[in-house]
């Protein structure tokens, strides 16, 4: 177990193994997203109430799921980094944050756009919308904090602490906002009370969600590899890797 | 020269830290008043910017009071550890043979005593100016007293994380404000419930629970963050 | 197929601006992240190579 | 009981540049160890690592034979560190500043000790002036008063002579030697030339 | 060594100061965004604390937006001269053979460019979230752009006066907020006038006049205040 | 044309204590004037008064015979002051810091001059590192690079040797002498003993 964790912690090992895993995830992501998009955009039936505007769900929901999952993944990476001093975990956390913020933005934007035909307004202070907005701020905070430090080690540890504090707070925030919203009840629409969807509507949704998760994993692997190169630039194995001409197949070099 | 054993004295150190921070703040008498005056000023901005209509003001008063108090508490946080960092005493605090958790808790306690508590005591007066309906004043003060304690604890994490950074002030708000939202909801909720004549005990109980949770977790996060900031 | 013609598909039953802007922003952001990640990797490797060359020549000069 | 601070294979990297690598170091009772090196050679970084303020390094530290992680509390109870910044609150008087430092080490002490310590560093008459109104050198002297006030075995001093005048420097040097002779131990960086002493040992960086 | 005559070069110095401050702020990319995020966060607090009801929000939106923007601009002011003071470059600025008035004006210009202007551009988005009635968005942005310039100038006087003081942040707000009130009245007034379909040109003209007056007077006050702060 | 800074009957009071009283002082081209005195004797205060940063004093100042108030602009155009704080922005690189100082004096200068000045103070290779990541001594060296980069007749230096290593101190001393020989003038406080030189003159405070 220990040996495995420390092997996992070695940037060199990770660089190698991720090179092998990465193509599979990219392929899966492309396949799933293209299938899901075609199906969702062109083949799934229109909603009997919302008509075709409902097709926004196929980007809105995957983005919203991913936005929340990435924050948890980031906090877990932070914990792993703080407890076991595994640097790769922090590198992954560092590259996850911008993607998480982007996904939160996508969820917010698609939701806002969707609101115009369905609710007649871009925005309302619904519980889920509000907590999503706060999630965006949490992401921005983590990114800003990491960028504000000049020392990389301090930046990593500070961002980890903030991600962990934030992840403890997310359920609390969600609970309070929900509670607050049920207290006020100003609007007549809610996201939660939707009739069950027919299969040909939710199947493409499941495919899109899976596709987004694969995309997230693939991108994180790729950018973590870049981050490894950046941080380990003066390690011998990186220099060998670069001067040897076989940068394209680094798996063998890395071993 | 014999080596010393680590021989306690925690209470001495905590007490001295409390006294020191209290002296420092009270010596510059004006500074204790600053958050209060800021609170009052922000509250006066709203009628000017929105409308002097007392009926409208009464509706929005609980929210305005809570937001303004929250901002006042937030702004005074930036200096919680900064001057200690600048003159090197934070370094010394970290190298003291005493648990950093206890010492930093003492500093936070002083902060609450000299900002949160006065804000809570002053809020009813400003409530009068905003035409806050009678009967909610006690709840306003109580909810603020409980709530600002959590705010000080949570905010101190942010202050500790940003103490080494040049332009900490605004970054601190960015880190801390999202975490303040639960406290704000239940705090403002308590006052609104009092106005509508509903029961406030549930709100206050949750505020108490939030405070208990912050008291358990925040000091560790503060200590860890201070260690990080000293690191470079 | 939920649509009878391509133009109908584009019109999205009158919801075109909403559907296409939401999908468009999503697609744009996804593609941009991929493009950024690739550019980042290329640039890094190029920088590392340049650095290695510089180090090599410095070592060569020293000998 | 004598003290011993050991470092094995210490290495510190800053901005892709090794400040030092494979540094072995042993400091024992009765020694004055002067860390030497030109500007930017890593003296301050080394002192921060040894005193446990900088964690971004490689290698191991030992205190009296035990790994530093485990012995940290005992180590801190015997350490007195003075850094580039004097750690003096400008809003408090020298007396109040010292009272806090005494309490931090768990003693409540008394006023007389503190007055005496201030007198020893030549600040008699300035006990109640807010420290912010003292000159650069006087502020450092307040910090130096801790050397006599809160006795610790291991002194780690980063450029303690900064801003101190000629008399002050001579006094402080005598104090360092006396501390080492009494079985204490001093780790110091300074660009000022220390007078030779059999207790003095040099370590060069960079 | 011949003595130098004082030979102009004012433009060089002003330009270099502009470039320097822009570089410093843009280098820490996050920091330029901080006031914006603070603005957005404060705006988020109000619906949570008051009520999510769009009708109520629409009524109070102009005031809330203006107060929040004002606070965001205010908070970022504290750092305007502080880091220069701390590292000794302010001393050097004062000893430069160039008119301090021009150099400090350059610093204020950078501050407006990187806080006031972005705030003005972002306000409409937040206006949407507060259900601000259509048709008032352009006026909102314009009034903020004009108004924040005055705010930066007036605020810089306060920043210059408090730069030498340890716990400047809250004191600064206290000095400056009362001076902000005219700008706030006409700024929020312009947006409200636009909502009610009244003419906005009078309001905007007064905002312009306030800006002209600040431009004429504030730089001298800033320079004098900086001299006083260095003297302490 | 030679320069001349005069002070007549200068007196400065701090906290009901006279730091100095009735001080007459004249500094001319070709001199190195060292202000001496123990900690807290008022050296920094004197330099601040002379350079026009502290206005809480009694007495009169003259620049080349004209009252300081009237000659202030010409005085500033010929003054280079380095205080306790080095005036280096930690977010900017040494090159950028120097560029600003050059522009402040009204010249745009060029990159080569700046690179050369940095090399002279031993910072070759650190031109593009953010100054905040330099060591204490290296940061002061950036400030000292201004001495060659923006030539001024009158140098007012408050403890310029702080944090500078042995080689750096020797270099700087040579530079002071060369400046005086070239017809410039140096006003300096330091606790470090300057090597004797016919150009050196001492003024004792306290």
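A, B, C, D, E and F are the chain letters, set down in written order, and residue numbers restart from 1 in every chain.
The criterion applied here is as follows: contacts are C-beta pairs under 8 Å (C-beta built on N, C-alpha and C of every residue); 3 or more make two chains touch, one makes a residue touch a chain.
Each chain and its UniProt protein: A = Heme exporter protein C; C = Heme exporter protein D.
Note that the coordinates shown come from a computational prediction; the quantities given were computed from them, not determined experimentally.
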Checklist entry - Expressed in steps between touching chains, what is the minimal separation of subunit B and subunit D? => result 1
Item to check | Identity of the chain that, by mean CA position, is farthest from subunit A (Heme exporter protein C) | outcome: F
Item to check | Which of A-F and A-C has more C-beta contact pairs | outcome: A-C
Checklist entry - Any idea how many Å lie between the Cα centroids of subunit C (Heme exporter protein D) and subunit F? => result 54
Checklist entry - In angstrom, rounded to a whole number, how far apart do the mean CA points of subunit B and subunit F lie? => result 45
Checklist outcome for this item: The distance between the C-alpha centres of subunit A (Heme exporter protein C) and subunit D, rounded to whole Å, is 48
Item to check | Residue list for subunit A (Heme exporter protein C), restricted to those that touch at least two other chains | outcome: 134, 137, 140, 144, 148, 150-151, 153, 177, 180, 233
Next on the checklist: Residues of subunit B that contact two or more other chains, please.
Outcome noted: 28, 83, 86, 166, 171, 174, 177-178, 181, 185, 231-232
Item to check | Of all residues in subunit F, those that touch subunit E in their complex | outcome: 1, 3, 29, 51-56, 64, 73-74, 76-79, 81, 83-92, 96, 99-108, 151-153, 179, 182-184
Checklist entry - subunit D touches which residues of subunit F in the complex? => result 14-15, 37-44, 84, 122, 126, 129, 133-138, 141, 159, 162-169, 191-193
Checklist entry - Can you name the residues of subunit B that touch subunit A (Heme exporter protein C) in the complex? => result 157, 161-162, 164-165, 171, 174-175, 177-179, 181-182, 185-186, 189, 210, 217, 221, 224-225, 228-229, 231-232
Item to check | Contacting residues of subunit A (Heme exporter protein C) [partner subunit D, same complex] | outcome: 151, 153, 233-234
Next on the checklist: Per the contact definition, I'd like the list of subunit A (Heme exporter protein C) residues that touch subunit C (Heme exporter protein D) in the complex.
Outcome noted: 33, 37, 41-46, 51-53, 55-56, 59-60, 63, 98-99, 102, 105-106, 109-110, 113-114, 116-117, 215, 219, 222-223, 225-226, 229-230, 233, 238-239, 242-243, 247
